[in-house]
Amino acid sequence: MSYYEVRKTLREFMAEREWQQFHTSENLIKSVAVEAGELLECAQWGGEPDPDKVQEELADVLTYCYLLADKMGWEPEQVILQKLEATRLKYPPEKSRGLSTKYDEL
Amino acid sequence: MSYYEVRKTLREFMAEREWQQFHTSENLIKSVAVEAGELLECAQWGGEPDPDKVQEELADVLTYCYLLADKMGWEPEQVILQKLEATRLKYPPEKSRGLSTKYDEL
Amino acid sequence: MSYYEVRKTLREFMAEREWQQFHTSENLIKSVAVEAGELLECAQWGGEPDPDKVQEELADVLTYCYLLADKMGWEPEQVILQKLEATRLKYPPEKSRGLSTKYDEL
Amino acid sequence: MSYYEVRKTLREFMAEREWQQFHTSENLIKSVAVEAGELLECAQWGGEPDPDKVQEELADVLTYCYLLADKMGWEPEQVILQKLEATRLKYPPEKSRGLSTKYDEL
């Protein structure tokens, strides 16, 4: 299935419920953060997180990310790839190999 | 570009920097939440959020979501669509139309 | 130093900078979440978090919590103790001892 | 009630349930972020947040902040006041008055 079909499915789902009215960019941003908190709950006490719960919560984070991207007129995978190019410059392999250090401390 | 090409690009990027060693499912989950916090910062004080900053931070949230999905063996858009089917049952249009109420209060 | 002195110090600090205008309850709530994300960044990649960074970010979370409590007319420690009484009932020691299980799964 | 009494109450509560074993600094940090996400849920769709829900979720954020402070050997209000002194230098009133701009953009 292509991105355009996923977007169409999401748009129809929201239109059927008249939920687009709640989907300001700010509300979608808050929603990404709310769902990221629920995803984090899967790992709250350490140990291996339950894959079923992780999948459910990851779905919610991704859905709001996709709705936000659509709201802003962006394609999610383009957004990922574009940022990756910037990250490439900040973290050249020879300086960052095997390190989790933030670029401003490299 | 297909999902498989995006995944390949991400995998190569991480392999070049030997960063996969940091990408336990728990660390990726925490990273989604950290970046969601930075995305939220774009909307911290209200007003229209700066689209350039939103795009950068949304990119980071999406990237960690994609890495987590890959780690778990899932495809991001499948994850979205599968959860949407469950949400369809919890929020039938006739009960939820025009409401932002949570399903357990409908 | 008593809570009232801390509150007075915070209020004066905000008044000097005319920052109370930004402190709606919603903006303060978002700010707590933004700062909690920065606190989480201290533990993003595992290992022992750097105490100096933890202290800085915990300070920010606490400060916005205190500002929110003040905005709502509550005292932070009363808020903690009142909720603790409710938690006592949800998690009786004999059922919850040594378990990190959520109450609805006990 | 003094801070020491609050701390004593929290410590006894945790000891009765043998929950201190889960309270590594990292787990407490994650817990602050999880609860901050639940607090944010109160403001997810805009409008005035429900004070009862806000109080419940703020209580959880504050409780984990207090537990983290205790774990690290700090007093919460000292942590707030110490950071406030650093913020005073970063945001002098004459430069920051009436602005929500971040210090590095002032």
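All chains are identified by letter, namely A, B, C and D, in their written order; residue positions are counted from 1 within each chain.
Heads up, the rule we're going with is that a contact is a pair of C-beta atoms (placed from the backbone, for glycine too) under 8 Å apart; a residue touches a chain by one contact, two chains touch by 3 or more.
For clarity, every value in this text was computed on a predicted model and none was experimentally measured.
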More contacts between chains, C-D or A-C: C-D
Separation of subunit A from subunit D, taking each centre as the mean of its C-alpha atoms, in whole Å: 26
Centre distance in Å when subunit C and subunit D are each reduced to the mean of their C-alpha atoms: 2
Multi-partner residues of subunit C (at least 2 other chains): 22, 26, 30, 33, 35-37, 40, 43-46, 100
Category of the chain touch graph - line, ring, star, complete, other: complete
Complex contact set, residues of subunit C against subunit D: 1, 3, 6, 9-10, 13, 16-19, 21-22, 25-26, 29-30, 32-33, 35-37, 39-40, 42-43, 46, 48-49, 51, 54-56, 58-63, 65-66, 68-69, 72, 74, 76-77, 79-84, 86-88, 91, 93, 96-98, 100
In the complex with subunit C, residue positions of subunit B that touch it: 22, 24, 26-27, 30-31, 33-38, 40-41, 43-46
Footprint of subunit C on subunit A - complex, ascending: 30, 33, 37, 40, 44-45, 100
